[in-house]
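Each of the next two complexes has chain A plus one more chain, namely chain B in the first and chain C in the second.
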Partner chain A sequence: MALHMLLQFPLILLAGWLLAKGVPEQARSMAQTWNHAGIAGLLVVAMVLIFWMIPRALDLVLIDRTLEFWKFLTLALAGAALELSWQPAGMIVRGFFLGNMLPMMMVAGWLYVEAPVRLCNSYLSNDQLRTGSGLLALAIAGSMVWLHAFFMPSVREADGETL
Partner chain B sequence: MSIQKDSISPQACGVVKVYAAISGVVILLMMLFGLIMRMTQGQILPIGPEVFYQLMTAHGIGMVAIAGLGGSAVMWHFLGKYVNLREGFAWANLAFFLAGVVFVLGGIFLGGFAAAWTFLYPLPANSMGMWGKHAAAAYMGGVLLVGVGMLLFYLESARAIIQRYGSFAKALGWNFLRNGQDAPPATIIAGTVVTIINIIAILIGAVILVMMLINLYVPEISIHPLLAKNLIFLFGHVFINSTIYMAVIAVYEILPGYTGRPWKVYKTFVWAWSATCLMVLAVYPHHMLMDYAQPVWMHVMGQIISYTSSLPVLALTMTATLGRIYRSNIKWDLTAALLVLSIFGWSAGVIPAVIDGTIVVNQVMHNTMWVPGHFHLYLLLGCVPMILGFINWLSSQGNAAGFGGLDKTMLWTFALSAFAYALMFLISGQASIPRRWAVHLPEWLWYSQLASLFAAGVVLSAMIIIVRALGGIVKPARLS
Partner chain C sequence: MAASVILLLLGIWAVGAITEGFKVITSEQARRLEISRKQPAVPDMRLIDQAGQMFRFGEWVKEKNKFLIVDFIYTNCQSLCRALGTEFQQLQRNVVERGLQDRVQLLSVSFDPVHDSHAVLRQYADRLQATPDIWTFATVGKASDLDALLRTFGVTVIPDRQGGFQHNAALVWVAPSGKLVRVTDYDASDHLSMLDELAGSN
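Presenting the complex of A and B:
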C-alpha cells in the first residue's frame, strides 16, 4: 500500500510532468486559453489526487484492469496539468492549491493511522499504518519545502514575473 | 499598478474603511456580550446557563475574529504604503469572513453550540443533548471559512512582499543584519512575521477542523485528544497573538506623525521580530501545563518561552515608544493617547501571562479567573486601543485632531474602567474563583457585580469613541 501510494503515484505524476515538458509552445498557449492562471489545471490535479486517496479506489485498481488503466491515465494527466499550470499559477493560486492539498494529505494520513479497521481488503493493517505515516511525513515535508520557498524565491519570482 | 511608497492607495482605503467600521461595531457588540455575562455571573440578569455558554462562545470566537479583522485593516492599510496589494483579495477575505460568521452565529444561536471558542475535542461531539451535530458542524465549518479568507489575505500579502523585497529573508531584514544596509520598514518586518506565522497557523487549524468534522459524523474514527488540543492551541494561540502584532503596526506608522520622530529600524529590532517569529509558534504549551500526559519537555519549553516570547518585540516597542514621546512636544489627541495606552495594556497584559506560564503557579491558577484577567488586559487595553486608535486616525483623515473635554473624559473612562475590569478578573483569580462558570457561589457575587459596573464604563466610553470615529469614516465616503 505504501509503495502503491507513496512511490507509484508520485512516479506516474512525475512521468506526466516530464511528458508535458515536451508539449510544443503553440499547444501550450492553446491550453492556457482554458487554464487561466493555472486554476483549471490545478483543480484537475486536486480532483484526481482526492479520488486516488480514497481507500476503495486503491482496492479496486488491484482487481479491475480498466480502472487501473484509468489510474495511470488520470495520474499522468494530472502530472501534465501540474506542469502546464504551475508556472502560470503564480503565488496565490499555488498557495491556495498547496493550502488545500497539504492539509488534505495530513487528514488522509491521520485517517489511515487512526481508522479502527482495515480500510483496504488487499492490504494489511500495518501497511495501512505505514502509508498513513508516510502521507503525514510527506505532507509535513511538503509544508517545510513550501515555507522554505518563501525565503528562497527563484530569480524569475524575485522579478515579479510569476507573482 | 505602481508601488506606492509615500501615499496610501485610495482604493485600499475603501476596503480598509469597511474593515474598520465592521471591527468597531463588532468590538462594541462583544463588549456588550461581556457585560451581560458578568451581570449574569453577578446574578443581576436572570440568564440561564445555556444562553450564558452560547454568549461565552460567541464572545470568544467573536473577539478573536474581530481582533483579526481589525488587525488586518491596520496591516493592509500600511503594508499598501510599501508594496503593491490587490484590493480584490481583501474583499474576498471579507466575503469569506462574513459567510463564516453566518455559519458560526447560526451554529451558536440557532443550533445552541456552546463549547467555547476553543472547541476542544471531544466536547463538540459530546454535547449531552445541548446541541446537535449540525450545530457543531456549522460552527467549525464557519471557522474554516474564515480561515480560507484569511489564507487568501496572507497569501496576497506574501506575494506582494516577495514581489517588492525578493524573499521573506530580505523582508525580515536578514540582509540588513549582514551588511547593515537597506533595512526594511518596521511595517514590512511585522507584516512578514504575521504572514509567516498565520499561514502556518491557518493550515494547522484547517487540519484539526476537518479531523473534528470527520469525527463528528464518523465517531468511530477518533482523534488523540492530546494531539487535538495541541493542534487547536497551536492554531488559536498563534492567531490571537498575531492580532496584536498586526495592530502594533498602527503604533509604528501613526505615532511618528505625532512625535516628529520616525520609527527607525535597528538590528536589535530585526533580531527581536525574527526571534518572535519562532517563539510565537512554540509558546502555546503554556496553555497545556495542566495536561499531565503532555511530554515534560513541552511543559519546560512552555514555561521558558512564556518568559522570553513576548519580551523582545514588546520591550523594544515599549522603550522605543517612550523614547519617541520623551521631550518630543507630542501633539496629544485621542488617536495618540489610545496608541500609547495600548502599549501600556500590552506590557501590563504580559505580566499575568508570564506568572501563569510558571508551572507551579499554573497548576493552581490556570482554571481560575486569572487567565481571563491576562487576556482582557492584553486585548481590551492592548489590541483594542490600537484598533480604536487606528479607526480614530482614519476618521480624522490622518491629521492630528483636537483633544477636547469629551475625548479626554471618554479616554480616561475607558482606560480606568478597562483596567479595573481586568483587575477584577485577576483579583477573582487570586480568590480562586473558577473561570467559565455561569453560576457563581454567593461569596463570589460581589466580584462580578463590581466588574459589571466597570464593564458598563467600558461599554459606554467605547461606544462614544467608536460612534464618533465611525461618523468620521462614513461621512467622507457618503460625500464622495
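Presenting the complex of A and C:
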C-alpha cells in the first residue's frame, strides 16, 4: 500500500510530467487557450489525486483491470497537466491549489493512521499505518517547501516568477 | 472556464461512481451495500462440517429452512476470530433463551482448509462450547472452491507474513431462501433486536 501510493503514484506522475516537457511550444500555447492561468490543468491534478486517495479506489484497482488502466492514464495525465499548468499559474492559483491539496493529504494520512479498522481489505494494517505516516510526512514537507518558496523572495526571483 | 466546469463535473462523476453515490469510501462498506442491494444466492458448493460430513451449501440452507448467520474464521486466529467466537457464543445463548433453535442457525466457515481439517474444527467447536444443532463449523471440501465462496460473501483474506491471516470480519445474514440479505459488524449492538424481530414474527 505504501509502495503503491507513495512510490508508484509519484513515479507515474513524474512520467507524465517528463512527457509533457516534450510538448512543442506551439501546442503549449494552444493548450493555454483553454487552460487560463493553469486553472483547468490544476483542477485535473486535484481531482485525479482526490480520486486516488479514496480507500475503495486503492482496493478496487487491485482486482479491476479496467480501473488499473485508468489509474495509469489519469495519473500520467495529471503529471502532464501539472507541468503544463505550473508556470502559467500565478502565486494565487498555486496557493489555492496547494492550500487545498496539502491539507487534504494530511487528512487522508491522519485517517489512515488513526482509523480503528483496516480501510482497505487488500492491505495489512501495518501497511496502512505506514502509508498514513508517509502521506502526513509528504504533506508536511510539501507545506514547508511551499512556505519557504513563498517567504523567500530570492527563491522566487531565481524561479523567475511573477505575482 | 467551460473546460474547468466540464472537468469538475467529470471529477464529481468519477468520485460519485467509486463511492456508490457518495455513500461509501471503503470496499468493506461497498460490499455491505452491494449484498443488501443485490442479495446474491449462497453458492452451491461442497462443504465439510466438524463431524466430517459433506454437504452442499445451497441445498443445506434450503433444507434447514432457517435464518443463517455466517462468519468466516480460521482456528489459529488470535485476534478478530476470537471476538467473532465470543459474539457467536452470545448469539447461541440468546437463540436458546428465545427458543429460536428451529429458526436460526449459526455457521462458522474456516478459510484455512489446509490446517483446519474437520477434526481441528471439532476441537475448536468443543472449546467454544458450540451446540452442534445450533452452531455448525465447516470448511470447503475442495480448496479451489474457496475463492468463489469468499467472493460471494465479499471476504478478503491476506497472509500477514507471520503464518496467520488478516481478514475483514462481519456477520452475514442469509435468509431461508438462500439469499444473502444483510451484513453486520461483529460488535454491532443490534443483533439481539434482530433476533427479537425473528422471534416476534412467529
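Keep in mind that, in the parts below, the second predicted complex is superposed on the first by the 151 of 163 C-alpha atoms of A that agree within 3 Å, B and C clash if a C-alpha of one lies under 4 Å from a C-alpha of the other, contacts with A are read in each partner's own complex, and residues count from 1 in each chain.
Following the convention adopted for this analysis, a residue touches a chain if its C-beta (ideal position, glycine included) is under 8 Å from a C-beta of that chain, and two chains touch if they have at least 3 such contacts.
Here the structure is a predicted model, which is why all the values come from computation and not from measurement.
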item: First (chain B), second (chain C), both or neither touched by A:51; value: second
item: Which of chain B and chain C A:35 touches, first, second, both or neither; value: second
item: First (chain B), second (chain C), both or neither touched by A:118; value: second
item: Touched partner set for A:151, first chain B, second chain C, both or neither; value: first
item: First (chain B), second (chain C), both or neither touched by A:3; value: neither
item: Set intersection of chain A contacts, chain C complex versus chain B complex; value: none
item: Chain C contact footprint on chain A (complex, rising order); value: 34-36, 39-40, 43-44, 46-48, 50-51, 54-57, 59-60, 117-125
item: Sites on chain A touched by chain B in the complex; value: 90-92, 95-96, 99, 102-104, 106-107, 110-111, 114-116, 143, 147, 150-153, 157-158, 160, 163
item: Contacting residues of chain B [partner chain A, same complex]; value: 89, 151-152, 155-156, 158-159, 162-163, 166-169, 196, 199-200, 202-203, 206-207, 210-211, 214, 220-224
item: Residues of chain C touching chain A in the complex; value: 1-4, 7-8, 10-11, 14-15, 18-19, 24-30, 156, 158, 160-161, 166, 168
